[in-house]
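Take a look at this one; I'll ask things after.
Order of writing sets the chain letters: A, B, C, D and E. Residues in each chain are counted from 1.
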C-alpha cells in the first residue's frame, strides 16, 4: 500500500510537528547561547514536557475512568464542571490542594512524608523510555525495556514506606499485599516480554517499535500466537501491577479501608493517586510499544496512534473495573504462580522455535501447544483447589 | 455331612462383625449397626437351610483335634442334631429381629457402634454354644456370653445402678459357672470324654463298662449349678431382675430369649447324663417348681415394667427346668422355643413403650393403647401367648409341661404349676391393663408410636409367637415332640383334655380377675394388699433374698477379706519391706564409696581440664562479630606489617 | 571515564568499611545482613571500575558483578529465611541472645 | 562542553557523598526500617554510579534485583520481626570503639596503598563500550558454565529458603 | 464449561451497557440519572413533606380551629399554636399564631392523621432552605397557609375525597339544623 507522495509529506510534517518545534527552539537558542545551554535546554524541554504530561494524563484518566464507569453503570458520570465535566479534574485538584493534611500521631513523620513524594519519582522516570511517537522518545536508552522494568519495580519501596509509617494495621496489611502482589506479577510480566526482545533483538523501545514496522500490512507482534499470548499475560500482569480491579486487593475497600494510603489525605493522597494512574498509563504505553506496534499506523500522526492505542488499553482496564469482582488473596497468588508463570515459560520456547519453522507450520504448532497447555493448566489448577477452610474460632 | 465351612461360618460371621465394629467403630458410626445386622441375617440365611435339612432327618457333625491332653485329645467341632438345630433356628431369627429393633432403639446413642459390637460378640458366642459338640467349647462360649452379658448390662456404666447390676450379674453367674466347670471336669473324670455324642453313647450303652453312678450324679448336679446360675433359678435368680438396667434390646435378646435359655439348653444337652443320675432329677424338679412359683409370686407386685417381665422370665424358666426335671425334654425345649419368641416380643414391646414414654414405672403409664397401637396389639398377642390362650404358641408348650407333670404323677407339682399359670395370666394382664388401658395417670408422659424400624420386628415376632406353637400342637400331630424324642429317648404322654381345660381355665381366670381388679374395682388391689400385708411385703421385697445374701454371704466375705488384708499388710508387707530396708542400707554404703572415691577421681579429671580451659575459652565468646573483629585486627596487623615499607 | 579510578576505589573502600562496621557492631541479624549487602555493593563497584579502566575484556567485570548480585540475592533469601526460622523458635533477632552453642 | 562535564563530575561526586551518608545511615540508625530505606537509597545511588561508569545493564539489574526483590524481602522480614525494635533496646554491641579504630586504620592504610599504586589504566579499555548483546554472548559463551552453576545455586537457595522459612507442618493446627 | 467464558459473558454485559447508554431510553437500558435541578422526576402523589395549613378560598377562611390536637400529638413537638381572642375576649376558634419548626419536624404525618378539621396536610414542597436555623426555619402561619386548590393540585386523590366528605358533612349539618329548628310560625 503506498500513498500519494504529497499526502505522505503532509503526514510527515504533522507527525513530526512536535519534534520539529523542539528543534526550532533549540536552533534559536543555539544562535545566542553556548552549546552546553542547548543540551541543557533540550533536557529541560523534554523534562518539562514529561512533567506536564504525567499529571495531565493522570487528571484526565480519572475523568475518563469516572465517565466510562458511569456509562457502564447507566449513569452520566461527572458532567457539571465545564462542558462534559472537562474541568472536573481541576476542581478535584483544587480540592485536594486545599484539604487538611492529617498525619497520625504515632506515625513515623519523615517516612510518612517521604512516601508519596518518592512514589511519584519512578512513575515519572519511566516516561523517559516510552516512545510517544516517531522520534519522540525522551532518552533512547539501549536497555530501555530493562530500565522500565527496573524502575517500575522501585514502586514497592515507597508503598512499603507509606504503609509502615502510617502505623495502621490496614495500611500495613495493604502494603504487604501490594508488595507480595507486585513481586509475584513482576515475574510473569518480565518473562512475557522476553519473546518480544528475542524477536527484535534489542532492549531499546525504539528498536522494538521499528521491528514492527508496516503501514497497512500489520506486523504488530500481537498478530502472532506467541505475541497474542504474551500480550494477554503482559496485560493481565499490568492490571495487577497497578493494583486495579480485579486485582485491587491492596486497596480493597471492603477489607482494608484503602490499603496502604488509608492514613493519607489531601495532596499526599493525590500524589499516590497520581502515581497509580501514571503507572497505569505507562504500563499500557509499554504494552502498546511491545505488542501493538507502538506509534505505527497509517494516516494519522504517530503520537496520535500511540495515544489512541494506549487509551484503548486503558479503557479495557476501566472496562475490567466496571465488570469484574475482586480476587481472593490465594486465587490472586495462584493465578500468578500456577497459571501465568507456566504459560510464559511455555511461550518463550514457542517464540524461539518461530525462527526456525516455516510460517504455516509455526502457526499450527503454536496454536496446538497453546491450546494443550492452556487446557492442561486449567485442569491442573482446578485439580488442586485448596480445601474449603474451616474457621474454628469464627462460630 | 456338609462341608464344615458354612456351619463354622454361622458363629464366625457375627464374630467378624464384632472385630470390625470394635476396631473401626469410630469411623463406622451408625453403619456399624448395618454390619451387625447384615452378618446376623447372613448367619440366619445359612442356618435355616441347614435346620431344614435336620428337620427332614439329616444330621451334621464335624470335629477336629485342638490339643492333646495327655493321651486324651481335646476336640472342638459342631453338632447339629434336632436339639441344636431347633435352637439355632430360634436364635438366628430372634437375634436378627432384635438387632433390627435395636437399630431403631439405640439410635443416637454415643456408644452406638460399641453396642452392636457387643451384640455381635454375643451372637457369635451364643451360636457357638448352640452348635458346639463338647463341654469345653460350650463352656468357653458360655463364658464369653457371660462377659457380653456383663458388658451389656453395664452398657450405661455412667449409672451407678447399671454398674452395680453388671457386677452382680457377673459374680452371681460366676458361682453357677464354677459349679458347671467342676461338673464337666467330674464328668471327664468319670467317662473320659467331653463330647456330647460320645457321652451319650457311653452312658446309654452302659453295658460295656460299669459306670460310677455316684460320680455321674455329682457331675450332673454340678452341671445343673451352671444352669441355676445362667438361667437364674432359685437361689441364684437375684441377678436377672437387676440385669434390666441394660438396654431393652439386650434384655430381650440375652436376658429373655437366648442366654438365660442356654441354661435350660445345657440341661437338655446333658439329658442323657441326668437320666443316668436319677437322684438329681428331683432336685431339678424342686428347684424349677420353686422358681416358677416364687418368681410368679414376686411378679404380682412389681411396678417396673421390665422387672415384671424379668420375674416372668424367671418363672417361665422355672417351668422349663421343671419339665426337664420330670424328664419332659420335648416339653421343656418346646417351651424354650415358644417362650423365646413371645418373651422377646414382650421385652421389645416394653422397650417400645419406654422409648415412647421415657418412663418405666407402670403406675405412670395408662391409656397407651390409642397412642401406640402397634406396640399394644403385639404386646397383647404376646401376653395371651404367655398366659396360655389356646391357638397361640404358649398354650401348646405350657400345656405340654403341665401334661408332663400331671401324667408323670407329680400332682403337687402340677397343682403348683397350675397356680403359677393362673398368676402368670394375672400379672401379665395386670401389666397390660395398667399400661395400655384406663386413662393416662401421668400428664407429663407424652407417648408416641415408635418408628417402623422398631415396630416391624414386633410384628414379625408376633407372627412367630402365634405360629411357632403349631409344630407341637395336635394340628401337626405333636411333630416337634416326636422329632425331639427321635434324638433322645424320654417318656411321652398322651394329650389330656383335662389338663388343657385346667390350663385354659387358669389362664382365663387370671385374665378376668386382672380385668376386674385393675379396670373395674380398683380399690380391690389395695384392700387385698392391706389384708394380706405380710404376703404382700414378701412378694414386694422378693422374699428378702437380696437382703439375706447381703447379711449372710456378702458381709462375712467382707470380714474375711478385711482379715486377710490385715495379714497382708502387716506380715507379708513387713517381710518385703524388711528386705528392702536391708538392701537400701547396703546400697547407701556402696553409694558413699561411689560418690566420694570413684566419682572423685572422675570429677577431678574434669575439674582439672576445666581449670585448664578456663583461660582459653575466653577466646570463644560465641559472638561471630567478635571473631570478625579479630579478623579485622589481623588484617590490620598484616597491612601494617606489609606496608611499613611504603 | 570522567572521574579517576582512584576516587572510585576510595569511595568503594569507604563504602566497604562502613558495611564492615555495620557487620561488626550491629546486634540485629537483619542489620548485619543489610550491612553485608553494602559490602557486596562496594565489591561490585570495584569490579566494574577495574573492568572499565584496566581490563582488556570489558565484559568480564560486569559479568562477575552480575554473579555477585545473584549470589547476594540468594544469600539474602537464605539468610532472611534463617532469621525468620530463628525468630519463630527463639523469639529474638539479636546475635548475642542466640548463644546456645557457646562454650 | 567542559561545563557539561563539570556538571557530570559534580553530580557524580554528590551522588557518592550522598551514598556515603546513606551508608552511614544504614549502619548507624536505630530504626531498622529506616536502615533498610537507607540501604535502598544506597543501592539506587550505586546504580547511578554504575550508569556513570557506562554499565547501564548492570544498573538496571542492580535496581531490579536489589531494590525490587532483595529490599522487599528485607522489609518483609523486618515487618515480621518488627515489634522487637523498642527504643530502649541497644542496637549496637560493645565493640564499636574497637571496630572504629581498626577500620579507620584499615581505611587509611588501604587508601594510601590505593593512591600510591600505579593502576594500568589503558585508553583502549576506557573507550570500550559494553553492549547488552556482548554481555549476553559472554554469558552464554565464555561464562556459560558459571552461569549454569549460578542458576543451580539460585534454585537450591530458593528451595532451601522456602523450606527453612516454612512453618513446620506439625506445628499447624488450631492453637 | 470452558475456563473464562463467565468472565467474557460478564464483560459483554458491561460493554452492552456502555454502548446502549448512549442511545437507549432509561427504561430500556439507557441512563436513568435524573439531572436534578434541570430535570425532575414526576411528583408522586403519596409523597409527603413538611405540613401546610389548608384554607378555603381566601387565606382568612382557615379550616384550623386551633384545637391543639396536632400540637399535642406531634412527636418532636414542632408545632406551636395560640388561639385568637376576639375583641370581646372570647376565643375565636382560629389560630392567631401557628408555627412549625422545620428544624424539628420529621415529616411523620401524624398531624395530618389526627386533625379532625381536615386542616393540616403534608406538602410536596421539599426544597425548603433557610440561612438561619433559629429564626427562618420556624415557619409562621403565613408561610404555611396554602389554598385548597393547591391541595387539589398536588394530591388530587386525597383532596377530592376530603372535599366530598366535607360537603357531605355540610349537607347533613344543614339538614339536621333544618329539622331541629321549630317550624316558622307567625310570630306574635
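In the analysis below, a contact is a pair of C-beta atoms (placed from the backbone, for glycine too) under 8 Å apart; a residue touches a chain by one contact, two chains touch by 3 or more.
Since this is a predicted model, take the numbers as computed values, not measurements.
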item	value
Those chains which touch chain D and also touch chain B	C
Reaching chain D from chain A through chains that touch each other, fewest steps	1
Chain located farthest away, centre of chain A as origin (C-alpha)	B
Chain whose Cα centroid lies at the greatest distance from that of chain D	B
Leading chain pair when contacts are tallied as C-beta pairs	C-D
Chain closest to the assembly centre - both centres taken as Cα means	A
Rounded Å distance, chain A centre to chain C centre (Cα mean)	33
Length of the line joining the C-alpha centres of chain C and chain E, rounded to whole Å	81
Inter-chain centre distance, chain D versus chain E - centres from mean C-alpha coordinates, in Å	77
Centre-of-Cα separation between chain E and chain B, whole angstrom	88
Multi-chain contact residues (two or more partners), chain D	57, 61, 69, 76, 93, 95, 99, 103, 106, 110
For chain A, residues that touch 2 or more chains besides their own	none
Chain pairs that touch, as defined at the top of this document	A-D, A-E, B-C, B-D, C-D
Touching residues (chain side chain E, partner chain A) in the complex	3, 7, 10-11, 13-15, 17-18, 21-22, 26, 29-33, 35
Chain D contact footprint on chain C (complex, rising order)	1-3, 5-11, 13-15, 17-22, 24-28, 30-31, 33-35, 37-38, 41, 44-45, 48-49, 51-60, 62-63, 65-67, 69-78, 80-85, 87-88, 92-96
Of chain B, residues touching chain C in the complex	617, 620-625, 628-629, 632
Chain D contact footprint on chain B (complex, rising order)	623, 625-626, 629, 632-633, 635-636, 639-640, 643, 646
Chain E contact footprint on chain A (complex, rising order)	68, 71-76, 319-320, 322-324, 374, 378
